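Since the structure comes first, as structure tokens, the remarks are kept for the end.
Letters A, B, C and D mark the chains as written, and numbering starts fresh at 1 in each.
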Amino acid sequence: MLKYLARRLTATFMVIVLVSISVFMIFSFLPMDPARLTCGKACTPAVVEGNRHRLGLDVPVQVQYVRFVKGIFVGRDFGEGAAKFSCPAPAFGYSFNKHECVTTLIAEAFPVTFSLAIGSFILWLLVGVSLGVLAARRQGKWVDKASTAFVLVGNSLPTFISGILILLLALKFNLINPIEMGRWVSPFKDPIGWASNFILPWMTLALAYAATYTRFTRSNVIETSSEDYIRTARAKGLSEKVILRKHTLRAALAPILTIAGLDFAGLLGGAIITENIFNLPGLGRLSIRAVLIDYDLPVILATTLLAAVFVVTMNLIVDILYAYIDPRVRVA
Amino acid sequence: MSQVDLIEDESATASIVQRTPRQIAWTRFKRNKVGVLSAAVAIFFILGAYLAPLITRVMGLSSTKTYPKTLNDYAMPIGHAGGISLSHPLGVEPGAGRDLLSLLLYGSRISFTVAFIVSVASIGLGMLIGITTGYFRGKLDAIVGRFSDFLLSFPGTFMIIALALPLRERVEALGIARDNGARIIVLIFFFVFFGWPGFARLIRSQAFSMRERDFVMAAQALGASSWRIITRELLPNLWPTAIVFLSISLPGYLAAEAVFSFLGVGVQAPASTFGLVLSDAVTYWRDDPAYLIIPSMYLIIIVLSLNLLGDAIRDALDPKAVAG
Amino acid sequence: MSTPFLEVKNLSVSFPTEDGLVRASNDISFDVARGETLAVVGESGSGKSVTSLAVMGLHDRRSAQISGQAILNLENGPIDTISANPEVVRKLRGRSMAMIFQDPMSALHPYYTVGDQISEAWRLYNDGDKKAGIKRATEMLELVGIPEASKRVHEYPHQFSGGMRQRVMIGMALVNNPSLLIADEPTTALDVTVQSQILQLLREMQKEFNMAVILITHDLGVVAEVADRVCVMYAGKIVEQAVIDEIYYTPDHPYTIGLLNSIPRVDELDGKRLLAIPGQPPSLISLPPGCSFRARCTFSSQVPNNLCATKVPDLDNKYGEHFSRCHLTEEQLKKARVSTGAQS
Amino acid sequence: MSGSKMTTSHFRRRLVATTAAGAFLAASVLVGTATSADAATAKVTKGGTLYFITQQQQFDHVDPARVYTGRDIAFFNSYLYRNLVSYKPTKGAAGSSLVPDLATNTGVPSNSAKTWKFTLRAGATWEDGSAVTCADAKYGVSRAFATDVITDGPQYLVAALAIPTNADGSSQYKGPYKKTGQALYDKAVTCSGSTITFKLNRSFADFNYALTYPAGAPVKASKDNGDKYDLRPFSNGPYKIATYKIGDEMHLVLNTKWSQKSDTVRTPNADDIVVRFGLVENVRDQIMLDDSIPNTVNLDGLQPANNLRFFADPKKATQRMNVYDPYVRYAAMNVSPGHMTCLDVRKAVFFAMNMQALIDLSGGTIYYGVPGDSPVKPVLGLDYAKTTGNIHDPAWNINGAPDKAKALLASAKSACPDVYAKATDPSKGISWDLSNTATNQKASVLIKTAMDAAGIVMKFNFIPSGQYYSTVMDPTKQGDISTAGWGADWANASTVIPPLFIKGGGFDLSQASTDPDYAAFKALSDKALGTTDRPKQAAMWKQLAQMAMDKYWIIRPVFGKGQFDWGSKVGGVYYWEPQGTYGFGQLFVKN
């Protein structure tokens, strides 16, 4: 197990390094010139050059990468002379658009995205799994049919439509405080404010994801129910409740863990559309604005890298959890 | 579908119908009323999309023409429900005054085309790579496996948004295509690039287990070449998986295309797609709700019918899979 | 013979499907007493398992139509497991009647240790904490002959070999001293050497617990080792029922004769061909009129008036407790046995 | 919510109406305006919280040296920082007159306006109570030279101060951080007691107008932290920043060290000022339509459909104004080689255009603007004159004149076959740069429809709105035609004609320097810049505007309008003409 863990950790680390290098390369070789794009209104060649120096783009790309990696471990200085300042480690660069160390920006955006992700994750798991189990137990009954309808609607409604419809309905019926909408409220200071801020985006994401999970849970429960060991459990005289809880669900939900982990990781990287519809200052909005509006390279690099880290880390966590749940995997 | 709880009496059912799997699938499919209906709806919309020039011509409409007379001084449609009239059955677009039906017909043509090409291409690629790696295993498998891990850990959506514009410039500079042609090519490229690993993984695991099955072993024992085994033994057994995957991914890519043009990195005006129409419609929701509702419904019906069709196909091809 | 523990009367199980009603088992009657082993024999699809699952009350009542009776003569009175409240039947399972299955690989839950699984069955009907459950599980594992039971009780099914797993299954089934054990092809998935060990174990256990045992199998060779009586099933019906020796020496149904001929015998390897029964069993949805074995029966032409094709033969006792379902006369059968070499 | 929706300011710089022409123009220009009478009649109340809402995530800049849009200049000049001189905070043409602010006068020019002196008033203090000194003023101006830190700000002071330049045109002074060439700066800007003297490299008759930009505002050196100063500048105005979080809000509270006695320009009314950023457009509009937060001022303007609704509602009559904004919107013809080098083709595009449809799309002539005939807006009364040709051509039709366009194309076929081929070949076509917004997506449809009718092939290049100007200002990326907008920086066409058409002017999207007739144009422009006789200079600007229009370097100018809206509890609203926005300083919250 330890050896397996070590091997997986190394592989994970390698993937992260690779992703960071390739993201760095991709954005360096783009025909976009951040120095020019952020040059401003009085843009002369001298200003562009000054800008390039300011952004640290006047050195070869490998030097830029080394500076970037070094910054992660020891921090990094920006500017010269009296205007010099530094971002402490782990420094992912400095956003000259937002006048803030990228690490700080991410640290501010992450709780928002995490709140969005965790809330909708719990909501869709609760709804999806319970609806799926219910539908599986009551095959062909109205619960099953209703859940099928729910699945179809959820699957067929892109979030950019459902999110906007939810927002517009909320506006129409004055369900939101418009001026406070999307503002970050710490759940530790004001849990109700926090939840009421996130309830619409949670619903939007949960609607889309819960559908998939309902479908998946239903088919897994039905499939598991026909397993021999469930028949064995029944032959032992166990009640249906115990069989479902202890025998069926554990086996049926194990594969869901894998998907859930990846979906959750994907959301942690930023739910771009939902965050933008509901004006949530999370990683998704940070990254999309960095790309489309500001062309803020340090932010783009950091958020992309972070998203990849979430995915590979979550992959690792899921594998470890899976080994915990399914003893057959452990020996491998 | 009903639950045939035969436990170990498979032979009972097996002996009922002595037909080819394809015939069985077809019979099963025909029996699924929802499936048949959704197939009809899907075909209706697909035909609508590809016969758009004909339909609009018959109706005397054009997707590129503006109808200034349908708009008032502030470019809002005259009349009820977004200017629905005999000549404009779904109303007109506020602002520019194009016919909404024509826009949606032509828009769905782009969406269908992108979705079809992407689905087929990523399935083709995934199939090729999945079979090859699953069958030959070894070093190739390891390399491709790591590469697809790497791709899967990439934030794809975000990369598409970030790279769509510069890549389009590349495509145009190379003279492959221009404007929307280039944009569509870029979108297709990205969808396929990030889409194949998932399918390849699925196929790989199937090819992997099939490799150990008797009929492949038998073929190997008879000295059949790898090529022959792959084309004659593996492929025919994998095509149901491919069909099922196709039916699932088609509506997915259709919606994805809408999302990206909504985000402004897909197809652009003067062409029109669902994403463009909807992102525009959102600003008019108060004054012209029909303009938001009609295209939304149009898209939802298409995606819904394709989803239902996909379920029906899956049920027909794989009776063990229980559709949700 | 003592009062039977289980009496199955006119039991029928059918499943409605898209293609029609599948009559998986049809008008089955048999009984079995404590200390007795009844073998139910037949090809796969003949309705053996369906019948036993019906006795256990393990069919999903939403998809299975069951009629008839399966009466357990318990100390405090008889209970019909078909008509009784499912909750009452559930409480009989594991305690009064237990079952083991064909494939020990898939019949054990892969995520729980064998100790957990045995202990779970025991604790259902006994007061005792987890520790006591594991202790009991260890005893059962020792009883069914698993070495190092106290260590292995904490292991998972995938860490056991096939035979060992079947021993675990048996241990689990017997943990509450059931009066009836239904063993559904318990050795099919196992190596031949392991097979006889398991059968040996079953026999020992039957003595130890004084159980009624129903052994379901398609292998007449297995039957010879352990059974007291035999039921032969074909296409959902019992076609022959008799004590073991009569089945072997005077089979009364062409199907039984065919089955016996298809057993390879160590003592007769001198070039004698194995005879397979030609053809396929009929569809259970649209059973042909008349005898369901007719199409595969080499003797049906001997029956006059095309009776085989028009009338379903009754299950008659031709003599004593030997029942069979065939239009052939005793004389014709005798010839048949000789002609096929089944009579030795 | 999406890239196509996120817009940043499409226009740069500001427009000022001259005092002289003001009276006439105010009457002729502000048609259909429902200006609030509150400023004059309602009783000003003190206290309360004033909200501002915007869909933007942040102010482009807060650092005085870097602020360069009219709205932000007006906002921060009203609340946070004081300049030597200021525009008079009042409505109408009077608002364009200069008044002393930190200085005791509006500047004393000498040496043919090559030397300007300002004397600071006593009693002005920073938010820590320390006095605003001449050294602070000198330091503030010096920061603009640090182009590696201070980006995006106006360059007038850098260009005008008498400091030698390098061969590449950059100043030899590198700003107060690096201090390279500090002695050169110390020579050009000197302090003597409370009097600051600017030595310029040319005669600059309206130099004091350039000092209305916050780039000329004092900065306390000890509080300057370079790039970070953009988050929290040190205030000497009536308010100071309590919090500023990008994407969230900026909260201004009263600056207790500020005294009304030292300030004749500002009148702080509200106790708190809160700017709420990043509102979703629909949510923002809902707030205004419902009046759900009545003490709110909309910084953005509404979406077109909601704008119509808001302005049609009689109940909102005192909560809105519709005015000519400082901008001329136009399409710049890129006349550099390989692009629109053919005059006939440029004209053909112009005549083919359906301007009516384009104007209707954006709100009609009432809300969007009217067809214009010059890069100079009529509010610059002295410098504007009706031109000939273009929209005054008899063949011109506001709905498009495809036949005229076809005739022009026909003559182009022989005159300039290569451009003709490009304009008519379906596989090539003329490329038009547009920022990627929903409105522009539709505008492209209208343009294409009109061009199709004339047989012109038009392709569109949609650029993410945030990157629009930096992309089209890159000559390697610019298309054949680029949509743009421009407003004068102050009431002199010297801030319009040279930036738009002179090489290096800063906004020469037409690339006019590559035109064969450029030399003559440049000569006249240079002459105008050097002319201190204002009427003579104005005549030259008029002549230059006519030349530019005759060359069709820009087409279809629209004299634009802007709409403003606020909640029912906001009082004291007026349109501050020189800044093209609210007069923020006089806003108050009604009881």
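Note that in this section a contact is a pair of C-beta atoms (placed from the backbone, for glycine too) under 8 Å apart; a residue touches a chain by one contact, two chains touch by 3 or more.
Nothing here was measured: the structure is a model prediction, and the numbers come from that model.
Trainee: Select, from all pairs of chains, the pair with the highest number of C-beta pairs in contact.
Mentor: So the chains sharing the most C-beta contacts are A-D.
Trainee: Which chain, with its centre taken as the mean C-alpha position, is closest to the global C-alpha centre?
Mentor: Here the chain at the core of the arrangement is A.
Trainee: Report, in whole Å, the distance between the mean C-alpha point of chain A and the mean C-alpha point of chain B.
Mentor: From the centre of chain A to the centre of chain B is 25 Å.
Trainee: With chain centres taken as the means of their Cα atoms, state the distance from chain C to chain D in Å.
Mentor: 92
Trainee: Nearest whole angstrom, what separates the Cα centre of chain A from the Cα centre of chain C?
Mentor: Those two chain centres are 55 Å apart.
Trainee: Can you work out the whole-Å distance between the CA centroids of chain B and chain D?
Mentor: Using C-alpha averages as centres, the distance is 47 Å.
Trainee: If I count partner chains per residue in chain D, which residues reach a count of at least 2?
Mentor: Only 1-3, 282, 464 qualify.
Trainee: Do you know which chain C residues sit against two or more other chains?
Mentor: 62
Trainee: So which bits of chain A are touching at least two other chains?
Mentor: 139, 160, 164, 168, 273, 288, 292
Trainee: Would you mind writing out the residues of chain D in touch with chain B in their complex?
Mentor: Going through chain D, the ones touching chain B are 1-5, 281-282, 289, 303-306, 308-309, 357, 360-361, 363-364, 367, 427, 436, 438-439, 441-442, 444-446, 448-449, 452, 459-460, 462-464.
Trainee: With touch defined as at the start, can you tell me which chain A residues reach chain B in the complex?
Mentor: 15, 18-19, 26-27, 30-32, 132, 135, 139-140, 147-148, 151-153, 155-161, 164-165, 168, 214-216, 218-219, 222-223, 226, 266, 269-270, 272-273, 287-288, 291-292, 300, 303-304, 307-308, 311-312, 315
Trainee: Within the complex, which stretch of chain A touches chain D?
Mentor: Answer in residue numbers: 33, 36-47, 50-51, 53-54, 78-85, 94, 96, 98-100, 160, 164, 167-168, 171, 174, 176, 178-179, 181-184, 273, 276-279, 281, 285, 288-289, 292-295.
Trainee: So in the complex, which bits of chain B are touching chain A?
Mentor: For chain B paired with chain A, touching residues are 2-3, 5, 149-150, 152-155, 157-159, 161-163, 166, 169-170, 251, 255, 258-259, 262-264, 275, 278, 282, 285, 296, 299-300, 303-304, 307-308, 320-324.
Trainee: Per the contact definition, I'd like the list of chain B residues that touch chain D in the complex.
Mentor: Residue positions touching the partner: 64-66, 68, 71, 73-76, 93-98, 161, 165, 178-179, 262-265, 268-270, 276, 279-280, 282-288.
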